[in-house]
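Sharing a structure below in structure tokens format, with a few things to ask.
By letter and in written order, the chains are A, B, C and D; residue numbering begins at 1 in each of them.
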Amino acid sequence: MTVLDPIRALERMTLIRAYEETLVALHGEQRAAGTCTSVGQEASAVGVVSALTGDDLILTNHRSAGHLLARGADPGRLMAEVMGRSGGYCKGKSGSLHISAKELGVVLTSTIVGGELALATGVGLSRAMLGGEGIVVCFFGDGAACQGRFHESLNLAAVWNLPVLYVCENNQWQAFVHRRETMTGEGFTAHAAPYGIPAESVDGNDVEAVHAAAVRAVETVRRTRKPFLLETLTYRLRGHYEPDDQGYVDAGELAHWRARDPIAGLRRRLEERGTLAADAAARIDAAAKRAMEEAVAFAEASPHPDPAELTSDVYA
Amino acid sequence: MTDMTMPQMTMNDAISAALAEEMRRDATVLMFGEGVATKRPDLVAEFGGARVRNTPLAEGIIAGTAAGAAATGLRPVIDLLFAPFLCYAMDEIVNSAGKLRYLSGGQFAFPMVVLAGTGGGWGVGAQHNHNVEAWFVHSPGLKVVMPSTPADAKGLLKAAIRDDNPVMFFTDLALGYAPGPVEEGDAVLPLGRAAVRREGADVTLVAYAKSVGTCLEAATRLAERGVQAEVVDLRSLKPLDEETILRSARKTGRVVVVHEASRLCGIGAEVAAIVAEKAFGQLRAPVLRLTGPDAPAASSFPLEAAFAPQPDAVVEAVLRSVGSPAARPVELPAELPVPA
Amino acid sequence: MTDMTMPQMTMNDAISAALAEEMRRDATVLMFGEGVATKRPDLVAEFGGARVRNTPLAEGIIAGTAAGAAATGLRPVIDLLFAPFLCYAMDEIVNSAGKLRYLSGGQFAFPMVVLAGTGGGWGVGAQHNHNVEAWFVHSPGLKVVMPSTPADAKGLLKAAIRDDNPVMFFTDLALGYAPGPVEEGDAVLPLGRAAVRREGADVTLVAYAKSVGTCLEAATRLAERGVQAEVVDLRSLKPLDEETILRSARKTGRVVVVHEASRLCGIGAEVAAIVAEKAFGQLRAPVLRLTGPDAPAASSFPLEAAFAPQPDAVVEAVLRSVGSPAARPVELPAELPVPA
Amino acid sequence: MTVLDPIRALERMTLIRAYEETLVALHGEQRAAGTCTSVGQEASAVGVVSALTGDDLILTNHRSAGHLLARGADPGRLMAEVMGRSGGYCKGKSGSLHISAKELGVVLTSTIVGGELALATGVGLSRAMLGGEGIVVCFFGDGAACQGRFHESLNLAAVWNLPVLYVCENNQWQAFVHRRETMTGEGFTAHAAPYGIPAESVDGNDVEAVHAAAVRAVETVRRTRKPFLLETLTYRLRGHYEPDDQGYVDAGELAHWRARDPIAGLRRRLEERGTLAADAAARIDAAAKRAMEEAVAFAEASPHPDPAELTSDVYA
């Protein structure tokens, strides 16, 4: 998908926001477990995922709701998973932290920070050896990029020519530690060059910019069958994990990024361009709200796993 | 010394208190890890940013840095957060800290402490919840601690920090917020000593961490049925207090080991093997193990809760043990109550 | 089926043969690791450089790549060289390959084999020689194999490659060059079945890898003293063949477990615990373990050789077991020979 | 030591060569275990170590003989260690692969490739926190630089300002794999820049060039209390581990590097300069030979460890 429909993007970003805010609310009412939300990062998820085709595989991590929903995941099944219900994508065994949905091509989600980077080369190797046009997209955070696996993964992908698009979602935080405390530079693209890997950094809060960069990156990987590193510069607007009062976050920085909210920004741009119909924003919000009501209803109606599930699915 | 007069403290607070006291006592003690400085502003305020540090997100280098620093004059405490993350630090812990003293002919010591939380209670699933303490018991050169009470956590952590060997200090996540009495002052609890939490003549329940509570609960119920269970809290998994285990096993003749970690090659296997060798003559029933299954822990709350052995299961196992028509009949002492 | 008519082969060659046969049989089988292509030019010649690859020196990404590939259509075999190097690949093996099937609700399978050599015999010291097989037995989702003969190595490796689960395949470095009979053709040996290497009525020796030879040697010497030892070779450490262990234990009533790995929470602990629970009624003596010490392995040859239990020690332990004035006297069967 | 005495350097390099060739010969006679020799890399070891002071600490790996002997280790005690005798630096427990000699400031040798990189930051942290002028030098190979720990170590040293001189001895081989198969670039210095770490690459077979570069690097670390990456480009002239027939080595490449033997080269240069006295070369060789005879005699006279050593030194 090389041309982004900004209305569709807005819909999807709104859905992601609604989904995560619903989970936060449910958590407040003790109806759902805490989650790592991606509030503020929706443009990165939607911009990249909308640049993929159905043949492409995605690896993600603990902060995966955006990637999954951008890929078309059913909010009800996601929510059921977060609530540990058998109707979830992983029968409730994963909970929020390691949701995979093979049917959507979202595979091998690992909540070990760095885990997805080690698995991505293997998925890339299958793609390379078993044929096809598909590429592999691996989402990871700035924290994961501090793990040595980041480098091991880039190096192997370069040496073996693996079709992996590495997407570093640099949201400035690594749980309770600011990125600044963990590195000397400002980003990660400089690490790609010594591996001979092309890299690009993009404003991660501008879905159109992300999409355009992702299209270029995906096209490069698809054509060259070699890796590419895309960094989306964004911000985690909520805490690391619900609940988190963000007491350790600099208020000025937070305000700065709140002003750059990717959803509000897109809406504003579309309004300025005159391409958002008068009632469209309200319609999109309402649709998201409705979807959430359905999702919650589905999730809460879904039963907890049978006790026998304690030991099923351990061995193939 | 009675509980009533002592201040109450959670295990998390007891750990914080131990850290502060030891850092105050010894200027070479320092602490680092992902978010350590963010989460412990009090320590930063008192000891400064050089001794309480946030780190990059990379467990391997955190542990390696601790080992290197320990061998050259510092006494680091590192927080690796959740036990499964230890997987990234195995070389540094096992191959370096655990072996380089021996391989160097005793030239170096590694006075360091590795903190990691583990066990169910948070619904976070197997990549955050995996009881791997047995790995480190199996590995040479390391010590392993896993307390069940705030007081023990404090006293054992102080001992661990003063120990000249690498100590793996596991905290059971389910126990972090439960308050308990903690003696004021410098109460150091030597590593390697189990505690008899409850005395009883009929059966020995051996446990550690959350399973101690499970066993105490089971013991209460068993007492109602006339069975007196002795509850041994291992506290230190390495060194293991064989003497206390065996004394109790020889007295009761019946042993049930209970833990959340998976069964195969777990602590329960070790305890059972010790008992089967060294208290064989006094055993009156098969040694039983109640453990987590050979499965990863699920996030889903009911599955997570079912993972660790529950009091009901302990009661049932004990009654089976006490009441079982022993394949090799033994003389039951006259006073042994028959379960209802 | 007699040994004389079969070709003789070393364990290393048996492994090579199994690899070649399985790669021939299934185009999705591939192999990679540090030096794999350099050391296996035959495989490169037959299957090409895409299916037999050298890698960068980075065990973590090798294992992660294997897990990722396994879950998406390939059947990788990786060679991580020496068992202590597994420390760099624990996340990929334990947290990913071992858990992501479960955590995903069964969406993925991980048909992969991890090769690693271990044990004494090369004088290379504890960073190359550390028997950590018990770690993986303790971890869910994995299988663990450690053969003692070339034939078993071949048959088990073929089964491991065909298995849809991650299999840890440990080779005892001391056994790599000793020839043994290996059946020609496609002899797949199912995982999870122990072998009774020698029958005997008086005592059961449970062992694996090099310790099987130690036990057979001890059994020969014991026979000279009138004690008939049965020797059980576990072969698969997970799944563990409880049935064969228990059948023998119940028959002989005496069990000695022997392995090179350190004692605490090792396979011996597991076997002892199983026996102490499930063959309790038939036991006539304490279950004994002869194992490596809780120490890293030294390079120095005499220390290395002393690390693993030797036949003398096994003989001595058995005689102690057979002859011990049992704390709880048992009726000795009439035919039980008294040791000289 | 900022000025290199090339005659002393030649003596030391000759000693290292003699030591390793003696071990190879003893191994052939089954009087000593196999070792990883550093034949061909002597200039790297001597050039760097001669730039240090007694306060500096060294970490090394499996290929350590050059570093140890350059630092003044006793060949007899080294040989005793390789032979597993109690008179060795590590009481015979290490054997050749993990020899540390604390009295010489050679600490925490790890034969886990990458292990030394993870420990070096810790030693650097002690140096930084406990005061003093000393710096830490960490020797590692091109193979170790493929481990993610290389990056984790550089990053932490940069973020925490640790006085660590990283010395990558790029000898073109990683056991049985040529460096070319494991990376896309030619060397490792390019990886330093994104961490803000200065780096330099030097002809590792020219002891004077290595020394000069090392002096600059050491001085920089000592002054800035920050890390530096020095890469010495050299070649492993013998196999990975004795015995090794090098059947997998390209004959042309081997011949090329044999012609660049660092000892022959230095000798030639000194002769050309006229600074090597007529009989000096022969005297140096003879002295090395004598030292080896003494070393072998010492080592073989040293007893094997007492059986009680099986379990001593495990715990402090």
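Methods note: a residue touches a chain if its C-beta (ideal position, glycine included) is under 8 Å from a C-beta of that chain, and two chains touch if they have at least 3 such contacts.
Keep in mind that what you see is a predicted model, and the values were worked out from it rather than measured.
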Between A-C and C-D, the pair with more C-beta contacts: A-C
For chain A paired with chain C, centre-to-centre distance based on mean C-alpha positions, whole Å: 42
Chain centre separation in whole Å, for chain D relative to chain C (CA means): 37
Distance between the centres, which are taken as Cα means, of chain C and chain B, whole angstrom: 29
Of all residues in chain A, the ones touching two or more other chains: 92-94, 98, 110, 112, 114-115, 146-149, 152, 155, 159, 181-183, 314
Where chain C touches two or more other chains, by residue: 55-56, 58, 60-61, 84, 87-88, 91, 95, 102-103, 125, 127, 140-141, 293-296, 298-299
Category of the chain touch graph - line, ring, star, complete, other: complete
Complex contact set, residues of chain A against chain C: 57, 88-94, 98, 100-102, 107-110, 112, 114-115, 117-127, 129-130, 148-149, 152-153, 155-156, 159-160, 312-316
Chain B contact footprint on chain A (complex, rising order): 33, 84-85, 92-98, 110-115, 143-144, 146-148, 174-177, 181-183, 248, 304-305, 307, 309-311, 314
Complex interface listing, chain B residues touching chain C: 84, 86-88, 90-91, 94-95, 98-99, 102-103, 125-127, 130, 132, 134-135, 137-141, 238, 240, 261-262, 264-270, 272-273, 275-278, 280-283, 285-289, 293-296, 298-299, 326-328
Residues of chain C defined as touching chain A within the complex: 28, 30, 50, 53, 55-56, 58, 60-61, 63-74, 76, 91-92, 95-96, 100-111, 140-141, 143, 164-165
Residues on chain C engaged by chain D in the complex (per definition of touch): 34-35, 38-39, 54-58, 60-61, 84-85, 87-88, 123-125, 127-128, 293-296, 298-303, 306-307
